[in-house]
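You will see chain A twice below: alongside chain B first, and alongside chain C after that.
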Partner chain A sequence: MSKETTEFKPTDWQSPEMKARIKRRYRKEKSFRVMGFTAVIIAALFLVTLLGKISSDGIYGFFQTSIDLDVPFSEAVIGNPRDMDADAFEQQVMRTNMLRLINDALVKEFPEVKSRRDRRELIRMVSSGARAQLRDMLLADPSIVGTTQRVRLLASDDIDQVRKGKINPEEAEANRKVKDRELAWYNKLVEEDRISLNFHTAFLTHGDSRDPEMAGIWGATVGSALTLVVTLAIAFPIGVLAAIYLEEFAPKNRLTDLIEVNINNLAAVPSIVFGLLGLAVFLGVMHLPRSAPLVGGLTLALMTLPTIIIASRASIKAVPPSIRDAARGLGASPMQVVFHHVVPLAMPGILTGTIIGMAQALGETAPLLMIGMVAFIVDIPGGVTDAATALPVQIFLWADSPERAFVEKTSAAIMVLLFFLIMMNGLAIWLRQKFERQW
Partner chain B sequence: MTSTAIFLSLILLALVAFALTRQKALVSAGGDPAKLHSLPRHYGYFASACVILPGLLAFSIWLIFGKSIIEGLILAGLPENVYQEGVDNAALVLNRIRLAIENTVAVEKDPDILAAAQRFNDLYIKGLWATFALSISFGLVGLYLAANRTQPDFRARNKFERILLIALAISSVLAVATTLGIVGSLLFESLRFFQEVSLVEFVFGLHWSPQTALRADQVASAGAFGAVPLFAGTLLISLIAMSVAGPIGLLAAIYLTQYASVRMRKVAKPVLEILAGVPTVVYGFFAALTVAPMFRDMGIVLGLDIASESALAAGLVMGIMIIPFVSSLSDDAITAVPKSLKDGSLALGATPSETIKQVVLPAALPGIVGAFLLAVSRAVGETMIVVMAAGMQPKLTANPLEAVTTVTVQIVALLTGDQEFDSAKTLSAFALGLALFVSTMALNVVALKIVRKYREVYD
Partner chain C sequence: MLKMATEFENMTDVRTAKMSAKDVHVFYGDTHAVKGISLDLHQDEVTALIGPSGCGKSTFLRCLNRMNDTVTTCRVEGTITLDGENIYDPKIDVVQLRARVGMVFQKPNPFPKSIYDNVAYGPRIHGLAQHRTDLDEIVTTALEKAGLWNEVKDRLDSPGTALSGGQQQRLCIARAIAVNPEVILMDEPCSALDPIATAKVEALIDELKGRYAIAIVTHSMQQAARVSQKTAFFHLGDLVEHGDTTEIFTAPKEERTRDYITGRFG
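The block that comes next holds the complex of A and B.
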């Protein structure tokens, strides 16, 4: 033993190789730390790029270009409202081709454009939705017949893209959708101060449309809301009741173990599989209507059920046993203990979990594609069995559209969806902070 | 008469039952609630439950099976000459009948079909009335029985709580029923698919082109349903996603748990949570309209031929999506390592990074492996990103610059748009779904097993 100690040479920390070694180790330490920091920064950068790109595109989606035109509401075209009763006038307006009014206005503005083909091209600068705009004006106020009014008409999506600078006039004519002649007309309108970019309320109040300038997200929003109502009505009660049973009443045996494992696994099943289930059971066996929020809601309810059960169980478990003991001691039955004391105390946590589950359901697309909520639907759905689409599906549909102008509409719709998600998550966080208590 | 009306009238009856029995209980005790076994409202609750449960039973049987039964009756009642092309036509005939019912404008000319549509309507309305009568009479019987038992010594609360307990148990069983429903429906449809296409061909076939199978002369022609290219494409994209999310997620978790200040954590954690909360359709849009064109342009500059729907773009964006998943699960695994281990290592003179690499990470390894496996299962099952940004060509390639397709993309492609339920084409989607379900389930189970089995027990 003594031999060993004599042969042991203590480390010479001052020796050059040891100094170099320590230096190397510190360098490694530093580079590892930098790597970790870079990973966090990269993740944050991804988020910033994603949100930045979406909002810089999407902000344009809320605005739309209009052309101010002096529209002559001539009696020759529409007829005189003083000659007929209100119903006849309404029918007359419905029958009149409003394109003629727009045509007249454009002729006055561009007298130099003569040939039919050029006229048709000219009229294409105005959105097809402008017709409905004029019709509504006439129906609202018949007294404008015979006068010339300056009307702010929606421009077509191509003109809109020019106004927003998305179409580069410097580019070769063959490569862009808006030709030189249209640009010349556009520039003339700009010089006369007839082109304006305004906030586009129709985007928030209209249903879907093939024309980007007419398309809105209200139909999809209502569809999403109806779907979520169904989801909530089914998943919340069942989820909470199941959580209460598993946490408070279930005997500890193989069966309840199985249920527990099952619920945990169900939370990790890909959402599209739930869509297949919905397709096979709700549409295939039960013959519920296709594309309906009812079916979408049922499918999403099955998907959010595990989330709600897991959150509710955690929340119920957090209520201290002393509460239960006290209630039992005062003579409450087990049911009364749970429903009068435990559940109210656990409710903030349960609600938080539910809201987070609902937010997940709101952003979910794949299962809805499976059950056919992916159709082109113009009408605003009125009930849970009407054909409808949902916000994320609307985004998916618009993202597929070839028109350039749909890119900004899609981004704008994403902004609206993210707004709802942020509100819901904000509510969940607020609930948690306001009602969280330490026992 | 509509389903909603039946439901509402049941609720109404239950409310009436509540008020009636509550009153009756009070009267039976001579107006003194203290003489009753339970509170008056418990008698009411019990009666409501007695009304609504049998009523709902009749109602839900109608909801689930009603239309199927009527359709069976209609089909049985149709004259033989409607089926001109064999038995397979039944679904088609039904569809025509359904269209004839829904369409206000008469497109259907065949008088047999029109008559059937008329019959369907009649039967449907009769069925609704029958359900109404049945569920209300069930409810009334329940009310009668409950009212009969409303005596001062009737243990209403205990009885009601018994019913409530059963309702609770049924709710928790419903969660299991979902799994059974998934397994059942996927298996059932897949079996029908495998009657037409052999399992061996599906699992080992190298050629996937379900569209050609639509043509009569080519029904399930050899190799049309070989799913290997889809599995390979899914694997490739998941691999790319994991090679993005794995290192970034793990390093971010290490940095946030070991190095970052409290303030940094407070900022970085929500950032990751937001990344996790962004809907996948948004990622898909980002991948298809920003990342994929960027890669293509980069490819042109570098002289590479990058497909505009390359696996790389879809995989990269999917990787971004699962970063928070990897990092939060790894975070949990790392924080579970006791501080004493770390302190011991630091006390022996190891630098923090050496401590992390040689002590903390090995101790947290099961948790981290579990996290990675769960992330892979997420990537395999992810749908919207690949639907929007990955291609449709079932190509067997390992080149990330080419377009590949995945299992989920094909499921969506097969099942959106017009479809008939019985063709091998649509049924193949369920077989793919089954493969997806089994593989993600297996990944989850293995992940949990690893976490459980290799978890070191400290303290």
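The block that comes next holds the complex of A and C.
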């Protein structure tokens, strides 16, 4: 007893070693904090640079230059609507080359330009889309025939680039696309206050085009939406049911272990491999239509399935066993335990996993390239079997185009894609909070 | 002498047991957790299962309504009968069995639903109520029997998980008796509760014993003495001794029992 008391030595909390140890501990913590903070700052800088670059470029994609011209809708060119019935007038308008109207307007504006070649160059300042614009005006209101109207016509992409300051007039003439003479015409129009930069709704409502000023994102947006609908319709039920079965009903044996390992491996398979699979199975064997959202959706569903299954299994596993016990103890059948208690509690996690998978699918290009959704498609797809393209593929196509003006269209399309991704992630957060319950 | 003999007979053989276990062995893989236990549960009686941790009493309890079925490595041998029917018979519907043999767990585990839905869940899945009014009646009665009605009658729509620990446990008991079981198994129902909540649950058990055969696993000797009429002492998977609670606590036949209840080991 006495020996024990003599051997007992109280810890000296004030000893220099102890103080040094405490100091070292604080130093370590401080350096860790500094490193962590630096990491966050670097990541934030990258993000800001990326978003800043994209939006500073992309914002121009939503605006387009127009030229105000006094267009004489002369009866000599179009014919007199009072002399014919509505159908005949419509046919007449469709037959008429609206370039003649634009030509007349430009002749009035630039009387000094005489030669045919110069005239052709002059007319190229106006977008080819202006013809459709004039045609629509005439069909909407035939009474304008015989009058001269000031019309805001879409400028060509080169003039648009000059207006946006993307073409430097100081540069040697040989190195720039817009020549000195065109610049002179442009400056004259600017002086007369006929050039304006306006918000371009057609970018959001039109399909793709070879002309950057006419190209729009709507076709690709609809294509993406249809593709995602197919993906969701296939991947969500299959993924969730597979997860429920594997987690709650399947016997734990070698076979299910093998399946589990394979699902985890599938999640890491490069997406282009799924594209090849889709090409071989859906197009090669099943002969489904090429370039269609149906095939794109099926292919992306294959890619999304592992993500959904893994996320769903994890959230099903996270449901406390006490809830299962409680339901079983009351005489609930295994089905009732799962569908009355486990699945509702796992729903927030399942939905989050699904939306993350969907967001992944929305941003995926490679598998769509393999099944032909990379085609140049002008029409807005009307159904899942129509030829279509998707937002990321559209970005890829535009980034590949030689016209200078497609650079800003590419960035603008990225902004649209990011907008949808942010909306989907917002939806995921909202759903999680809505379904989340305490236990 | 004669009187004592009849009393003895009364206690053991004459009355038919509600549930009866005969030579029950339970294995978890290679572990022999319960080694040949024979025990009867009677209607109108509370049987306390006591013993040190890991002695197999919870395992045995969970065999009585086949909650061990979901443990894949678990194997049960011997016979357990409910009203003379072997509950491990393949013909027995385990879902119905669990409705007849209800269970209350160690940790209160109300569903993350409203108080009403917690109690109504069992009757709903078993189709015990034809109309909404019948269901209301069942819920009210169950909550009254569980002594919770006065505390929650104004907030039946609030979540069951928002109640205090003791209230949650009584809610779980109400939920169990709402399906009108014949036997109630309680696995340390008061281990997560404070003394006041424990007292309420014990009073409730006392109240309930007239209607159900109750088996309760407990680590508290005082609780076993207070609420039970029969006590069974488990040790290392064996049933060391069982009999009248008063007898076990005043004159245990086995030395291990005496050591345990006097706190010398365990």
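The rule we apply is simple: the second predicted complex is superposed on the first by the 388 of 439 C-alpha atoms of A that agree within 3 Å, B and C clash if a C-alpha of one lies under 4 Å from a C-alpha of the other, contacts with A are read in each partner's own complex, and residues count from 1 in each chain.
Quick note on the criterion: a residue touches a chain if its C-beta (ideal position, glycine included) is under 8 Å from a C-beta of that chain, and two chains touch if they have at least 3 such contacts.
Not measured: the values here are computed from a predicted model.
A.B. asks: With both complexes superposed on chain A, which partner does A:P251 reach: first (chain B), second (chain C), both or neither?
C.D. replies: second
A.B. asks: Does the superposition put A:L276 against chain B (first), chain C (second), both, or neither?
C.D. replies: first
A.B. asks: Between chain B and chain C, whom does A:L330 touch in the aligned arrangement: first, second, both, or neither?
C.D. replies: In the superposition, A:L330 contacts chain C only.
A.B. asks: Let me test your reading of the model: by the given contact rule, A:T148 touches which partner, first (chain B), second (chain C), both or neither?
C.D. replies: neither
A.B. asks: By the touch definition at the top of the document, which applies to A:S322: first (chain B), second (chain C), both, or neither?
C.D. replies: second
A.B. asks: Which holds for A:S128: it touches chain B only (first), chain C only (second), both, or neither?
C.D. replies: A:S128: touches no partner chain.
A.B. asks: Chain A residues touched by both chain B and chain C?
C.D. replies: Looking at chain A, the two contact sets intersect at 333.
A.B. asks: Quick one: which bits of chain A touch chain C in the complex? Just the residue numbers, please.
C.D. replies: 251-252, 320, 322-323, 325-333, 336, 340-341, 345, 437-439
A.B. asks: Touching residues of chain C toward chain A in the complex: what are they?
C.D. replies: Where chain C meets chain A, its residues are 65, 67, 70, 72, 95-100, 102-105, 107, 109-112, 121-122, 125-126, 159, 161, 172, 175-176, 179.
A.B. asks: Once bound in the complex, which stretches of chain B touch chain A?
C.D. replies: Against chain A, chain B makes touches at 63-64, 67-68, 71, 157-158, 161, 164-165, 167-169, 171-176, 178-179, 181-182, 185-186, 188-189, 247-252, 254-256, 258-260, 264, 268, 271-272, 274-275, 277-286, 288-290, 320, 323-324, 327, 351-354, 356-357, 374, 377-378, 380-384, 387-388, 408, 411-412, 415-416, 421, 429-430, 433, 436-437, 440-441, 444-445, 448.
A.B. asks: Write out the stretch or stretches of chain A touching chain B in their complex.
C.D. replies: 25-26, 28-29, 32-33, 35-40, 42-44, 46-47, 50, 53-54, 237-239, 241-242, 244-246, 249-250, 258-259, 262-266, 268-274, 276-277, 279-281, 284-287, 302, 305-306, 309, 333-335, 359, 362-366, 369-370, 372, 374, 392-393, 395-396, 399-400, 407, 410-411, 414, 417-418, 421, 425
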